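Below is one structure, written out as structure tokens; comments come after it.
Which chain is which? They are A, B, C and D, in the order written, and residues in each are numbered from 1.
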């Protein structure tokens, strides 16, 4: 049967990325404690396409993903997955983004009631075999509570507060200096006015309310404190971070963002 | 050219609804003040299909929508649109949902600074020509502020609060007893701990913060107060209402909902 | 510490539903083959609230969900979960919707290459203890391929085709007449012009292309064939079904829907 | 009243972007034909924040947007809006993204029936006053039809096809070398196997079906042809382009993307 994809293309354009998108598959994410977590992944996977070929073979992307869907992965395996894809398709570069919702136990601050809180995680990898470059980034989205310092200061009582999200993506110093998703969550989760929790009994709710009131932060404050925390982690080479606050007094959001390479 | 849609179907099934969905078109919504507002509509439009026909003619749905996209509409015109669709397609029943984002001016409570706040609106109509029935509903989603009474009571200072949404859909007593979207917004917008505003200067922010603190409400309270407000409007025959609060201390939401026919 | 929620309410309104929404938690779904599948659930869980109480205790909803997050569930356990919730909160009625993405192996039609295809599943339960009523529904969304009979007939070659979704929710005849999600998928997956597949080699792609071309179906056809298939399943008491086709020649969709109670 | 935002910050971090996000407001977009179109905008607007200030004044962002919501804008006015924001807030840099759904008339290919097709548009501007830099980009998303060359070649009859999206963002050669959104649509809309249309009568449907069949294109082909078309437009300095195809035979998508600076 004729292989149209392998036919010669005359337009002279090497395509930077061609592949599959919005692929839903289960994955097993390696955890810091040694086990792994079943997650529902959303994958974008692509390769570069030399100018002489008309198309790539997308079924091979899916076959490879089916294999990797069934064994534990972390940042290390992401490189291996991309290496295999380059080999299968005889191309020099490949990229992946694997997004998933991740669950970690979190104890309520007073009652110590345990529940699972959900975070969005992302493994992003970019392999360039010609110069042996592998760029890997770990991404996370963490819900926190933000309480407005201005509202607190100018009001006789109370202060508006709301759920906010800290989004961050970090690149690590090579080689082997990699943070676990659990560690990135730990670094950033305390940068809001107070963390949010899956289960709060009344004693806990009192604690969270009072903690946030004593710790008012603009999105600017949460961003700057996140920047300081990320700077102080020696394994990080560069990072981006954004804080978005779903303002309770408006129907729009406030946000602040920052990108930085560490010396 | 052969008309496949008009061919005879032998399965004996009268289809309740067949039509188009997720049609994006501009519309002109009649306003209470006599003018109209340009909105971006999202339309679902369908007809019933007698058992003997294989299919309907979807291009006629789109041709009709193009015409109605260019003239002002309100609940009254919705009936006319459905009547024309039934006539064009020689069917006995038709349904529409027209959703859009609607903007109304709202003055800040102290500075009186004017801004536009956005609400989601929906016109839903269902026409059954055989028994001359026309069911029409007006829907709206209104952002408000909710402040937790429990958090306020048990804490030494502060109280968690957050954006919440009041969603409602109402049916009117026939004939001619119709509320404007502006009126439905007015009825429900004050049922939270405080309204939200597009622009707030510092004096306004103080006012909103203190007003909400003095007016704590669970989703249950906002729901019950909304029910009382809707019951007291003589033009309403039945309603459904839901309040969803994007809890600032959690990564999930609280909600309450209720459906009621008035005597 | 004072329990604000348990305070007396004077408005005289019994709330039909109050609870939590958009709760993300892992769940274990029982499979037809005897095992279970780890999924990422999205839960709405509510109770009725008697008129004399100001509020419900949402932390108990979350504590209960944490427990159920860790053991295999199917329709049977949904009733038990709701019974426990009613008991914990001393209320008479409770409702749940648990939505999740579900994966089933599917072999390509010629090469027999196995991959996992994703479906959306939903367990919906409604318990009314006063009259011992339990209404349970199983929902599913199945991607299929639809090829337009009109386009095929009027064109010299080719025919437009596209991805479509069959959405269905079914209620079962009591007692114990329950379908597995796998069985509902099997009933509906063949009602399009052809199923869709996670992995297709070239021989498979030829097969799928030709099969769809030989089996053209409007959304009306897919709907009617789905209705016939659901009617013929003796365990089903009533059903709703919708087909939505993401028309390749338009930027909007075609759809058909139907609700039916079986004798 | 104390101005908390203007207080001194000691962390020494200049924030790159702080502002408002997900602001929904009506806007008036200048059209090529000299008039303007009412659209529903979604705005992200931010400024840089010098290290010595604790926060910015978000109410001024909203006041400025309210003013600009009421007069016609195009790329030229975007610069003016950002200049005013920098001036109001005494900062040196500002960024905006204004996204909206845009409607253009499109005649069916045979019957010439006119309808409005919807496109997503985006105006992105970045102003750096210190070095007098203004980076402006025009973005668009255009639905097209893609028909698979492999499927056509290997099958006896038919070929799978589907809706696809061409997404592009272009930067112009300064000064004054600006394309209208209408022109960018015109350049890219013909790069698929066939355009999609809002209204198609039977003669048109035959035309579209046959045209696509005679013009099979992988996402790679649509991407390369889009690259060639963008390269040939002398007003463009650099561009990015992505094609995403909602594969009718799968439940995932194919895509290709490319970024290029022109000499």
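Just so we're on the same page, a residue touches a chain if its C-beta (ideal position, glycine included) is under 8 Å from a C-beta of that chain, and two chains touch if they have at least 3 such contacts.
The structure presented is a predicted model; accordingly, all values stated were derived computationally and were not measured.
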Can you name the chains that touch chain C as well as chain D? A, B
Of the other chains, whose C-alpha centre is the longest way from the centre of chain B? A
Whole-Å distance, chain A centre to chain B centre, using C-alpha means? 35
With chain centres taken as the means of their Cα atoms, state the distance from chain B to chain C in Å. 25
Centre-to-centre distance between chain D and chain B (centres being mean Cα positions), rounded to whole Å: 29
Hey, what residues on chain B touch two or more of the other chains? 1, 24, 62, 118, 150, 154, 198, 200, 202, 206, 251-252
With touch defined as at the start, can you tell me which chain A residues reach chain C in the complex? 1, 3, 24-26, 38-40, 59, 62-63, 66, 69, 101, 103, 113-116, 118, 198-203, 206
For chain A, which residues are in contact with chain B within the complex? 117-118, 143, 145, 147-148, 150-152, 154-163, 194, 196-198, 200, 202, 205-206, 208-210, 212-213, 246-252
Which positions of chain C touch chain B when the two form their complex? 1-2, 4-5, 9, 11, 13, 15-24, 44, 46, 49, 54-56, 58, 62, 149-150, 153-154, 218-221, 223-225, 227-228, 244, 251-259
